[in-house]
Each structure stands twice: as C-alpha cells, then as structure tokens.
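Single-structure report; data block below.
Labels A, B, C, D, E, F and G are assigned to the chains in the order they are written; within every chain, residues are numbered from 1.
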Amino acid sequence: MRFERYGVGVAKGMVVTFKHLFRHPITVQYPEERLVVSRRIRGNELVWFPDRCTGCATCAKSCPQGNIEIVTHIGDEDKYVVDKFEVDTGRCMFCGLCVESCPYEALAMGISYERAQYRRRQLVLSKEELQLSDIRRPSGYARPKIEPTLPRQSLLVDWDREEGGQKLSRLPLSKKRGRGV
Amino acid sequence: MTLLEQFQLWLATIWPEWAAYITPAIVGIVVVLAFVLLTVIVFIWYERRLLGRFQIRLGPNRLGPEGIFQPIATALKVLLKEDIVPAKGDKLVHWLAPVVVFVPILLIFAVVPFDKGAIFSDLNVGIVYVVAISSVSAVGIYMAGWASNNKYALIAALRTIAQMVSYELPVVLSIIGVVLMVGSLSMSQIVESQNIPFIILQPLGFVIFFLGTVAEMNRCPFDLLEADSEIVAGYHIEYSGMKFAMFYLGEYGHALAYSCIIATLFLGGWQGPLLPPIIWFLIKIVAVFSVIVWMRSTLPRLRVDQLMAFAWKCLLPMAVINLFIVAAEALWLPEALPWIMVVVNFAFASILTLLWSRLFALGGGRVEV
Amino acid sequence: MSIKTEPFILNMGPQHPSTHGVFRMRVTLDGEVVVDVEPVIGYLHRGIEKLAEGRTYTQNIPFTDRLDYLASMTNNFAYVLAVEKLAGIGVPERAEYLRIIMAEMMRISSHLMAVGFFLNDLGAMMTPVLYMWREREKLLDLFEMVCGQRLTYNYMRIGGVSHDIPEEFLPALKRFVAEMPKFIDEYDQLLAENEIVLTRTKGVGVLPEDLAINTAASGPVLRASGVKWDIRRADPYSIYDRFDFDIPVGSVGDCYDRYWVRIQEMRQSVRILEQAVAQLPEGEVCAKVFQLLRPPVGEVYGHIEAPKGELGFYLVSDNSIAPYRFHIRPPTLINLTALKEMVIGWKVADLVITFGSIDVCLGEIDR
Amino acid sequence: MFDIVFWILAAVTVGAALAVVFLRDVFRAALCLVFLFFTIAGIYITLHADFLAVVQVLIYVGAISILIIVAIMLTREVWRGSPSGRLRIPALVVGLLLLGMLMFTAMSTKWHISDVPPQEPTTTAIGAGLFGDGGFLLPVEIAAVLLLAAVLGAIVLIREK
Amino acid sequence: MTYHIPWIVFLLPLFSFIIISFILRPFLNYRPKLGGYVTIGAIGAACALSFWLLVEVLSAPGHKLEIPDIQWLLIGDLSIHIGLMVDALTAVMLIVVTIVSLTVQIYSQGYMHGDPGYHRYYAFMSLFTACMLGLVMADNLVFLYLFWEGVGLCSYLLIGFWFHRPAAADAAKKAFIVTRLGDFGFLAAILFLFYKTGTFDIGELHGLAIAGTLTGTTLTWVAIGIFAGAVGKSAQFPLHVWLPDAMEGPTPVSALIHAATMVAAGVFLVARFFPLFENSEMALTSVAVIGGFTAIFAATMGLVMTDIKRVLAYSTISQLGYMMLGLGAGGIAIGIFHLFNHAFFKALLFLGAGSVNHSTGTFDMREMGGLRKAMPWTYATFLIASLSIAGIWPLSGFWSKDEILVSSFANNPILFYLAMITVFMTAFYMFRAVFLTFGGEYRGGASSEHGSHGAHQLHESPKVMVIPLVVLAALSIFSGWLNVTGRFDEFLGHGEVHSFTQGFFGILTHPLPWISLILAGSGILLAYAMYSAKWLSAEAIGKAFSPFYALFSRKYWFDELYERVIVGRVLVDGLFAGCGFFDSRGVDGAVNGVADGTAAAGRALRQAQSGQLQVYAMAIAVGIVAIMVCFYLFG
Amino acid sequence: MSVGLEHYLILSAVLFSIGLYGALAKRNAVVILMCIEIMLNAVNIALVAFSRYVVPVLLTGQIFAIFVMVVAAAEAAVGIAIIIAIYRSRESVDVEKFDLMKW
Amino acid sequence: MTVALNGEEVAKKITEVFPDSVAAANKVTVVVTSKSLYQVAEFLKNTSGLDFDYLNNLTAVDYIDYFEVIYHLTSLKHNHSLILKTRCYERDRPIVPSVVKIWRTADFQEREVYDLMGITFEGHHNLKRLLLWEGFVGHPLRRDYL
C-alpha cells in the first residue's frame, strides 16, 4: 500500500460517517411504529369470499404449487357448492396468480404480514378461516376497487423530504398497536 | 503518596499491621474492578449506540432509558447459553484461555492514575509494566485458538502472534519518546509533567502509539484476529456462554485500558481546567474510545501481509525517527521553550507522513505457488 | 523468502459469513496463501428446471423470481422475453417502458447490494451495507407499491406486465432518480478513494481479458476486464435501443475495477430511468394472451443483461402448455469458472473479496 | 510478610518446573513454563528487583514463551507427547547429585551478607550501572550484536533453500 | 572549523556511498537517478571545500594545516591515530581528485544512463573518491595503506563492473593481482620502516629522514619498497601490464581511476615520501630510470594500438613515466605539476573517447572516422587535449612536460634523449588517434556487427556529457599557466628557480622548448601525412618495420612472458612442483604415518561418539558433579 | 529462620536440577529447550539473590541477569530455528533420532 | 444487434474443412456429429471471419430417441452468433467430447449436464456431479426420471 494521498481518502470516508452521525436514523421502532404497507400488498394469507365463489376451481388450476384444495358438489340451481376450500399457506409462495385468475373476484390477497405460527398445521387455512373478518382484510392486489380505500403507503423516499421549507425527518407511520394495519 | 498508601498509614495507627496492609489492597481491588466492569458495560452500550448512529440506525434502545441496560441483558443471555467445548479440543486450555486473556487486562488498571493520587499502585516502572502485562494476553488468545481445534481459530492464533509482536515494537518506541520527555516510567509522574499534553508535543508519537494500540487491541482496521468476513470469528469461534462473555468483556476491557493509557500518556491524564480531574479523565477516555468506534464504523480491514508491512515498514521506522527527534530535542532544546518543539515536531510529522506515503509500498501480496 | 509449511485444507462454507449464501469452497492453504480452490455447490438446488417442465408457461414466472432473488424482476423479464420470442407475442409500448424502468431499478438495487457486501467483505463493518440498504429500501418500497411484494415480485407477464403502476409511483420514482446521484457520490466519497480499499483491491483477483472471454464471464465482471460487451447494446432487446447510456469498462479486471464498474453502472441506470420516466407513454400494459399458452414447436434462447451478467433462458416447446425443456443460463455460476485462476497465490482475505467482487447469488447458481 | 509470599512462590515455581518436565502434553508444558516465568517474576519482586521483574514478564512471557509455543505448533509434536529417553535413570542420578552438591555448597558456605538495605527503585540504578561511567556499555553493545546475529541466524536457518 | 573541513571532505563521499548502498537501496528501483544526485552533490560539496582548503593552505604558515589526531587503536604502547594532514601536496591532490571526480560523475549521468547497475556504479565511485581523498590526506602509514588498498579494491570492482563479461572479470583480477605484487613491496617497506623507527606517522618519518637518522641501506630499501608500490599502482615497467586491460571497465572509470587519480597515486606516493628518496641517491635514480624507460617503452606500444582506449592507456603509462622521471630528476614540484596537468587532459581524452563510443558503439578506431562534423564539441575538446598532451605551447601539457625535459637534461642526458623521442611519439600517436577518429569518412562504427549505429545515427552526446568535456578542456588549456611564474613550484616547496618559470613568453627565448615543439610538430605532421592526407601508407610503413610493428603490437610479449614464463615455468613447474613433491612425500609420509596410527585409535574411540546430544550433555554434567565432588573431597 | 540468601540459592539449585534432569532425560527437542530456559532462570534467581544480599548497592547481579535474559532470547531464537530446520529434514523433533554428529 | 449466422452457410464452411462432420443444418443451427465436435468447435473458434470466442450457453435436451447437446456461440469481435448442436444416440452411455480446452467456460456447464442429464464429456478434467451429491442415483433432467 502506498498512501499516495497521505490518508486523504481515509479522512474523506471518516467525514462521511461523521456526517451521518447527525442524520436522523431511519430505523422504525417496530412493533410500536409500523410502516404503512403498499395498497397492493400480497400479505401472507388469502381472503375468500364464499358468496362470490362459484367453485370453478380456476384458482386451483392456476396455482403453480397446487396449494388450493377445493372440493365441490353440485347443489341446488345447478351450482357448485364448495365443501372444502383449503389453502396451505406454508407452501404458498404468494405469487398472486390465483387472485389474478379468479373471474369473479372471489379471492383476494390479505394485507396482513404477521402470520407466523408455531405448527405447520396451523398454516393450512380452512374455508372458515379464509373468510373476511376483522383481522383478515383483502388488499388491493388485482382488485382495483379495493385499492383506493386503503391508506397511502409510507415511502422511504419521502424520508427527508422537504415540505413547506421544513424537513421531514420522520417516516409517515401508523402508530396503531395490534395485529395488522 | 497515593491515596491508598495514605489510607494504609492511617489504618496502621488503629489496626494491626497485617490488617492495615490487606484492607486497602482489597478496597483498591474492589474499586478498580467495579470501575472496570461498570465502565466496560457502559462502553459496550456506548459503542453499540454510537456505531448505530454512524450507520443511521438507532442501536439498542429498549431496555432502560436509551437502552442502557441492554449490555446487562446481553450478558445474561450469553451467560445462560450452553457452554460448548469442542470434542477434540484441549479442554483445560480451552477453559483457561479466557482467564488468561481477561486477567492481564484487569492488571493494567493497577497503574492507571484516575486522579491525583488515585492510583492503585504507583509503580516506578509503571509504563513498562503496562507493556509487559498486556503482552500476556497474546498468550491467552493463542491458547484459545489452539485449544479450539479449529482451523479458523488456528489461523487467528498465528495472526495474533505475528500482529501482537510486530505492533509491540512501535508502541514501545513511541512510549520511550514520552518517557524521554518525562524522565520517569511512573504513570503518575507522566501525567504530572504534562503541562502541555504530549499529543501536541509529539503528534507523530501519538499517531504511532494510537495506531499501534488499536492493532494491539484488535480493533478495526487491524481486527484481523476476528476478521469475521475471512476467518469467521477468529480465536473465539468455538466459544460460547460465560467463556465467550469473558472474551467479550476482555475486548472492551482492552479498549478501555488502552483508552486510559492513551489518555494518560498523550492527553494529559486527569489534568484539565475547571472540571474535577476524574471528570476530565473520563471525558478523555470517552473521546479516545469514540475515535476508535468511529474508525471501526468507517474503515475496512487490512490484509495480513499489509498489516505486517504497515508495522515494519511504516510505523517502526517512523517511530525510530520520532524517537531520535525527541531525544535530540530533549537534549538540546531549552526547557523553557516547549512551543518550538511543538512546531518542529508537527513539521517533522507532516514531512515524514509525506515521505512515507510517497516512498513506501506495503507490497503486492501475490505469492507464486 | 517464504517459510515452508505444509498445505492444509480449509472448508470455507457452507456456513461462512462471506459466501453470500450456502456456498462452499474447498480451499487448500499454504499458511495464508491460497494454493487451490474448488467450489462445491448445490446446497440450494431445488430443481427448478425439472419443476418447470410440469408447469404452464405462466406458472413458471414465480419460479424465476427465486433464481437471483436480489434481482427477481430481471429474471421475470428474461423469461417472459424468451417466451414471447418463442410464441411470437407483441408487447404494448407502455409495458415495454415499465419493464425497462423495473429492470433498471432492479439493476441499481442489485448493484447496491453487491457493492455494499463487497465492502463488507473488505471488513468495512456493515456501514456501507447499511447506507446502500437505505437506497435499496427506497427501491423496494417502489416495487412493493407496484406489485405488492418486496423480494419476489412476479410482475412481468407474457405479453406485458401484470398491473399498471399506481399514480403515486412516478412522483416517488422521479424523486428517487433526482437524489440518487447524490448518494452515489457519497458512496464514492465514503470508500472509493480510501487507501485501504485501494490497496486491498487494486491488482487483486485479476481476471485478464482473454480469460474473461474464454470463461464466458459476463456483466460487470466481463466489462471490468476491459471488454466492452453489454447485451443491452450488443443485442438490444425490448426497447433498449431508444435510450442513451454509456457502458463503463474497466481496465485491469481486478476487484477494484469490478467495484468501480458497478458504481458507474448505477449512474448509467439512473440516466436510463430519467429518460424512461420522461418518455413513458399511456396505454395498455398487457397484450391479450391465452392463459394456457401453447407456443409452436421450436426452441429459443433469449438472453438479457441482468445485473450480474448474461441471464439466458433456453426453452424448447412441443406445442403443449408446459415447456419441453427449460434451461437457465445463470450468469454467476459461469462467472465463477475463473475463480481459481483469480485467487491462486493470494491470501484468504483476497479470496473472500474476489469472491465478493464477482457478486454471486446462490439461488441462481444452484437453481 | 515477604516470607509467606516467598514460600508460596517457591512452592509454585518448583511445582511448575516439575510440571514442565513431567507433563506429557507439550502445549500444556509450555503453558506451565509461562506460569513458571510469572512466578519467577514474583520472586524477583521479593528480592526488590522490580525492574527486573517487569523485564522478566516482558521478555520471557511476552517473547520467549511465544516463540516456544510457535515452535511447538510448527513441529506438530504435541500429540506425540514428551516421552523420556534412555537416559532417564542416569539423568535422575546426576540431577539429584548436582542438587545435593549445590545445596551443600549453598548451606555450608559463609556468605558475606551485607546489611545495607536494598535499593529501590532500581530502574535508575540499573540504567546508571549499564550505561554510566565504568558501566557495561561495551557488553550492552555486544549483546545487541549478539541479538542481531541470532535473529539473522534464525532467519537463515528457517528460510527455504 | 578549519579542522573539520578535511574530515568533511573525506566523509562526504563516504556517506554518499553508505547512503546509496544502505539507505537508498529500497528506492533505487523506481528512483534510479537518486544515486547519481547524491554522489554528485557530495563530491561537488567536497570540491568546493577543497578549494577552501587550498586557500587555507596558501595562507597557512609553511603551507601546512595542523589537524588534531584522533586516537584509533591502542595496542600496548603503540597508539595508532587516525589523522589527516593537509599540506601543499595534499591540497593540490585534493583539487585534482575532486575536480576530475566531479566532472566524471556528471559525465557519467549521461554515459551510464539506463545501465542496470547505475546505482552500484555510483556507490563504487563514491567509495573510490572517499578512499582516494583519504589516501591523499592520510597522515600515517597504516591509514595510508588502508586507503591504498581501498582504491585498489574500488579499481577492481569498477574494472569488473560489467562482471558478466569474461574479459572484464579477467581484467579486474589481473589488475588486482599485478598491483598486489607492488603492494607487497610497499607493505614490506612499511613494516620494515616501523621495525626500524617505531612510528607510522608520516610527519615524523619525514623528520627522521631529514634529520638523517634514517640513512644508508635501510633508507634505500625502504624507498625501493615504497617505489615498488608506486610501480604497481602507477603501472610502471615491469608491472604495467594491467592498465591496458583495465580499459574493460566503463570509460568514466578509466578516466577517473586509470588516468587521472588512482594511477597517479603512485606518483603521489613517491612525492609524499620524497624526503626519504631525496636522501638516497640510488632510489632517486631508479625512480628516474624506471620512469624514463617506461615513458618511451609505453609510447612505442601506443603507436600501433587500434583501440582508442588502449592508445590512451599506453599514453597514460607513458605520461606516468614522465612524472616519475620528473620526480626522480627534478623533484616534487615538477612531477606533481605534470600530474596536475595530466589529470585534466587525460580525463578529458578518456571522456572524449567515451563520448565517441556513446555515439558509435565501438572503441576501435578503424571503424570510426569522420566524427568531426557529427560531434563538434567532442572533437574540439579532444583536439585541445591532444595538443596539450603533445606539449604544444601554450597549452598546459607544454609547461609541465618541458619542465621535466629541462630537469632531466640537467640531470641525466640519456633519459633526456629518451624523453625527447617520447615527445615525438606522443604527438604522433595522439594525432593518429585524432585523425583516425575524427578525420576522413565514417567507417561504420559497430554497425559492421549489429547494424545499430549507422552513419545517420551519429549524434553529439547529451549536454550532461558535453559540459564536463568543456570544463576539462578549459582546465587543460589554463592549468599549465599556474606555473608560468613558478608559483606552483614555490607552493610545493621547490626552492630553486627554474628556467621554465620566466613568464608566458619568456619561455620561448630558450632553445629547448623549441626543440620539443619541433619534435612534437613533426610527430603531428607525420600523423597527418599517414592518416589524414594519406601521403604515406600506414600499411607500407607497418610492413617496412614489421618486426617492430609485431613487437609493439604484441606489447613486447609481456603478457605472454608473465603468463608462460613466470606463472607457468617459475611458479607452477618450479616452485609449486617442488613444494608439491615435498608435500606429497615428506610431509604426507609423516602425516600419513601419524594418521594411520590415529585412525586406528579413533576407530576404537569412536564408539563413545553416539552423535546424540544428550549423551554429551550427560558427560558434561557428570564431569561437573565429579569436579565438585573432587573439590569437596580433596580441595 | 527468616528467608535469606540460602533459601533463594536452594530454590535456584532445585530449579536448576529439575531443568538439568529435563534437558538430559526428555526426548522432545522443544521440551529440552524449555528445560534450558528453566536452568537459565534458576541462574538468574541466584544472581539476583546475590545482588540483593551481598552487594545491594551495586546491582551488578541484576545487570548480569539482564544479560542472561538477552542470551536466553538469542538462544531461544536460534535454538528454535535449528529445531524447525531439523524437523523439516527429519520430520521429527526426537533428539534420539538426531545422530547427524555420529562419528 | 447480434446477427444470427445462417446455419447452412456455416455448415458449408465446415464441410470444406471437415467433410462428413455436419449431420444436419438449417437456417439457425448446425448439427455436427459428436465425433467431429471437438475439431469443428476448434475450427469455429479459430477461423477468422467466424471467431466464435464466446460460448454463451451449453445445455442438453433429452429427445428420448437421442440427446442433443446445444452450444450457443457468439463472436464478440463480429457480434454474430450461431447455434451448434450435436446428438448422441446411446441412452446408456451417451458420450460427447468435452470442449473445456477450447472454451474454459464449459467446465461447470458440462459438469451440470453430466450431473442432470447423464451425458459423459470425454476429456473433461474434473467430471464430477455439480449440483447433486456424489452417490445420487439417476439423472433428474432425463424425461424418464420420475
């Protein structure tokens, strides 16, 4: 090594880190603070609307993993009645192809991201579990109608944006406690 | 006359001799240990927070106000972990190694003057004692690397030997520069004779000493013993639990000890205006430690041959030249005019830096195989 | 002068901080000097090529996400391009632009990781990684906004892209494009001139030009060796011929050149993004393509310039809904071919940084 | 006070020395040697030779023991242990005889013990003794040359042809 | 302060050597010029200080500076001092050495440019200069001898500078061995002198010689021994054979060492011990005779050489003979004055030859020619030097040479006639060289071998080489004028006023200069006739005088004589064979007898030698215990 | 009897004898080197003890001890170099296999 | 724009030098016999005007009747490309000469094909399984592997 620049390079780098010492950290204090996720978030669950579902199994066919298990019988009015609609979210890769392919918008991605479980079995979601509830809400992925109803995503690009001459050094966060957003 | 000796004299008037001899020793040990352990814990927290801020993170901030109790939680977590000894390792040596690393570091604090008279033992060979004792921990690191029966650890052990031995030379030579000015090896006298801190009088000596000690305590950019991207964690790769905690404490204790030594040798120790001396001393060690953390947050690591070349080709010759200059000045410059020395030494420091950056290369590194 | 020692074998990996995944190098060391290296791979082998033979063309898109997971959108892109070429499908104009915007954002994101972890391998204690992660997070936010995921996007579709971009996307992207050069300057200031970095990287792990071509190295690795070969220019796909950008070329082919080329490519990508954003037309984003696509019998080799090099898909169709043969030409596996020649005689630390400077992704190597 | 310290140190020293000789594991023997060096430094302190004690630690613990440990590593004889040779019994006899003679000499000789209290600190005195007038300046120079020659010799011996 | 100056003058080049070879070593790979700058700086400073010293000496009483000694060794009662003496002789020599050395070093910057041994060259040159300065300033014999050998060593190293060439290596060895023969005499003389007087101090020896304590045979033998050293170093007959071969070294080396300074050390040595010689008629006569004979002897060989450097080498031997003649016949001042002038013009001639070589790539005059146009500066300076060496009024050579002629005329007429013939020859061979080299048409240079030096590539040497030539040319013109009024003689302590010190033009009123000028002029004319105008055919003359030609060109078969007769017959066949016989029969017989007995005993005893360290250590330990037991039991 | 010169001398003698036994009896060359270091240290103890009790003013014994340390350092360096050099050619550090000096 | 050379023209050039080496050729590909593959590859790399110095991709397809090994070649100098193929019909032990000596890049790719498709490349210096472990039974990418 020849210090051809007398250590100027080292000093320059040290100046950069020193400058960062006075910048505001970008860390988010999860779980007290949460970033608002995208409106199109593909959270790790699915939401199934039984009333819209015709039991056509397009979703099951489009799934690359063959994760969706659907059992139907022909009920009244020559319509399929869904007996079993199970999704193994432990094997699901949340590609969203089932949601995209559903012709009746009966399936949607969820917006939740805290779905860790202690047992693999618990990741297999049954027909009842998949339905819309307080903790299971659909995201706007491939569902343009839902999309505008969701809150605006917090972006890191806006982190030190200046607004009205004032520098925002905080991310737009949702401070709500509890699961989901 | 240190405070402990005064205490001992006073005790001797009321207690039997042996008790008067032992009690102050115990009191001193307890005070120093308490200081070291407390400060180390604070330093661990401080480094993590500071490093976080350098990296635009927050650092630990959950436990206690500003996360001050995080090191304690970490320590608890580490203590509760399973103690693993490699099956083919040398169990006794594996157990001894952390002790051998940690104890010498504690011993260094025996001669650190925290305040006027506040020194555990004002040895008249204080600074040589520091150098001698700190070289012992190299043996400990070597033992750890050996006993782990792991190739990464062994590489680290070999690096230890090379690095510690190489960097000891420039460190000692730059210490001699200080000793020449003071005329004594005693740490308290070194502090007392610094009306102008030696960092101003001997800038080059300070830089050499600082870099040398950073290498001795294996901090970035000389942290080749632990180089996590190359040899994973080096010598403590096979350590866990309490024994790992000893190494961890030892590492920070080392940093603390050398911060103290740097503050004592070059920054004027506890001397300073207005504030009480102990506060000044703390400010100085924190400042030194902050610079070390700052370097760690910025600089990449040297390669092993460059590290050795840096010691032998850059630091050692510069230290020798610095020693000559200081010796000449100590001989010939009038005592009354220290500022001439400041000017001359700064000039020499910049000239030498320029020369060395122009003339010395640390070598290519490729070996024909 | 060297002291004679007996060489010993060190298994670097599969669990090692610097192997960027589960990669193993069986290294023969003489002291600290590398005498021999043999890469041992396959720890992440999932058999994607075999799996793909049993799935439809559309269903295979999510699998391509999992190749180079640091640049999954690019993998989508390469795959759908190959399928479109095989089946002769046209793509709407807006979709072309969106694809290129995504590909270039992906390139920046991938290079940020590559450079950051290269510097981390040098020992720079996570700081560059964290700084670069900050910019990468901004990009990931944008990706998430578009397709709802941060890592495996599954965004491209045969005939276009799956969704149009939301309205807040373009302002955010413009803002990113405006501030990104400033941050790249900051990276340069942080370590590009650092003496330690220069000493560690200059002349280390040199891949000479002829060897680079002979080992079919591609991407920044090839360009760092002084070969001005970029598929975006040499064999323009999609609409890359409409953009104005330079191809940074190294001179020596050492680790520093690879680092430098990546930094420069980020600047060029920002340039392309600026142009693409300015020209973005309105319109459809996906052509009408039958879900169970049956391309005519034939074969195709489609390749694009992925961030890590030439990413190729070789597809054989037998007019069924699933490809008859699905082969991926992974750039980083082939870039690794010359690893042994690059590191022999250097130290362990140089092996680590040379490996880091190649910028591998094990998801892609093992497939 | 010093008496107790001396007895403890002496016992530990002799124990460590015996361990060096009789331990089978060479690496542990070397560690015992390091320990021995330490205790000898302690013995120097009981003899009011503080500078020498520090130097003992610096040179023996910091340098020589590391050399020895490296040598053990490079020769890789640790697992083969440190067996005794054919000369075990004669060596024991000679050692004991020599010990007897030395102890007899030490006990029977009338030493001229000086009443002057020991000097402390010794650093300045040793410095003056080494470099002062009528001192050992020439031996110091020769020692320096010896060290240089030893280093060069070691390098020449170690380097590959 | 004045006392320090000689030391500084001596130490500057020495430090330059140390700095180049030990401190600058790591940088020289990428800063090759550094070595040259250091040397030039050191010698330049030494040169400036030498002038200061000269001024000091001029103003000092008795032209002698008192410099305190430093005790070096104390062996018993004998104390050897390191000391320097600066008197008039030393001051003159200092000037000569430093000026020539400085110009040569500057010249070498150009000449040695790009040589892989560039810094080695400068290191040796510095060392040589240091030794030479030490030699001329030494005030005792030990010191003197040390540097005497030192310059010999440097000469050896520099002749063999291109040691990969066998010729150079052989020449270096030859030079070293032949000069050792003379040094043997010198050493013997020193030891003998010490045995007789008990002192090494030159000043004291002078005193003893002048006071007459040292007389008779002792003095004569001592003087002859010292002169033997001088003969070796100054390449006088019969030890002249090494000098022509020494031309294998780099040309600047030839200029500095083998023309201007080291070879003149022999002359200096005789001058230094002149009080000893003065008191011995025989020694003085032998100096003169050897000198005079060498002068004409070498000149004859110079007539026929084709290698320009060899011509100059023989010319050097011849001129050194002149100096010896001057010393023997006239005294210190006359010999040294010729040394003084000769140093400049001979260095100039060599450097000129080097410059020619730089351009043509050869030293063979038959392949040169016509360089006058291509190298005007070299030509002009070479011509000045040639005129000067030929003794043309008013160039410097004229003044010193004719002074020698005058003094030899007064002293020994036979030598005077020989010297007169030499004047003619000198003029002839020098101008033969000038016309062959610079006149006529270019004959191809080294291109006949490898074609790299075509005529169109002829060029003047770079400035850094030309400037030293010009400086030396100026000195060759003017240095002789110092003695126009006899100042130089006076300075060197030469009492009698000479006929030659009668002013610039006054000299021309005497007949002798005219004779020598005519002789020199006819020599030049003959050379012109033969080699420039071609009135006479050189080949024809060569044929006509073929026995002489053969004799001259084979150098009187001296090399063969030494090789075959002395080394082959006398040493190998005679001495060595005799010794061998005695050794193999007498000594070996006795030894073998003893050895056989010993071997038998050894065979029995070696059983104890197991080769195992610990057994031996055990023996030692048992021995110690046994001794202690014995001590207690019986002591 | 309080600790005096004799005690130190006996300690020195004991250490020296142990070292001697080790140097004579062990087969591993490195261990022999270690034993030699013990012997040197024993000598040093004696020297310092003499210095303390016989000539406390002069400190000559301590100065001698320093020289002994210098020699010990040199000896360790050269000795280990020799051992390693032999190890390379003989693949062993067993002194009973070193019989190069035989006959 | 990379120009795909007409296979038939290239085939003509090849047959001029190596008759009987081309098994088939069409607009985009040249199929050569596996025996002459090495020579043809060398020819393609070293012939001026062709200069295929860059082997983009090497793979194999199992067509049940035969294996086809495909070489995608590019010339960086002229910016043109060619698809070279060879076929081997023995299902038990298909053998193709290795081109590692010509294009170093074939090292890993041939190993991969050997691993997954079971084609032996003769002359490869280190033909071991690449992705799967030693001792794995079968070659997964063959059509008959289940």
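General remarks:
Definition applied: a residue touches a chain if its C-beta (ideal position, glycine included) is under 8 Å from a C-beta of that chain, and two chains touch if they have at least 3 such contacts.
A quick note: this is a predicted structure, and the numbers were derived from the prediction, not measured.
Upon removal of subunit C from consideration, the remaining chains are partitioned by touching into the following groups: A, B, D, E, F | G. Each step here moves to a touching chain, and the least such steps from subunit A to subunit F number 3. Contacts with subunit F and subunit G are shared by no chain at all. Comparing per-chain C-alpha centres with the mean over every protein C-alpha atom, the closest match is chain B. Two chain pairs, E-F and D-F, are compared here, and D-F has more C-beta pairs in contact (counted per touch definition above). Centres computed as Cα averages put subunit B at a distance of 63 Å from subunit E.
The distance from the centre of subunit B to the centre of subunit G, with each centre set as the mean of the Cα atoms, comes to 62 Å. Centre-to-centre spacing of subunit A and subunit E amounts to 96 Å, using the average Cα coordinate of each chain.
Contact of a single residue of subunit B with at least two other chains is seen at positions 54-57, 297-299, 302, 306, 362. Chain contacts: subunit E has residues 614, 618, 621 touching two or more partner chains. Multi-chain contact residues of subunit C (touching two or more other chains) are listed as 2, 4, 127, 131, 134, 190-191, 194, 196-197, 199. Across the complex, subunit G is touched by residues 41-42, 45, 47, 49-50, 211, 213-217, 227, 229, 234-236, 299, 301, 303, 310, 312, 314, 316, 324-325, 327, 329, 333-334, 336-338, 366-367 of subunit C.
Residue ranges of subunit G in contact with subunit C, taken from their complex: 1-2, 53-57, 59, 61-62, 70, 72, 76, 79, 83, 103-105, 107-109, 112, 116, 129-133, 140-141, 145. Contact residues of subunit A toward subunit C in the complex are 1-5, 7-10, 12-13, 15-17, 20, 26, 37-42, 62-64, 93-97, 100-101, 109, 139, 141-142, 147, 152-158, 161.
Listed in rising order, the residues of subunit F touching subunit E in the complex are 20, 23-25, 32, 95-96, 98-103. Looking at the complex, you find that subunit D touches subunit B at residues 1, 25, 27-28, 31, 34, 50-51, 54-55, 57-58, 61-63, 65-66, 69-70, 73, 120-121, 123.
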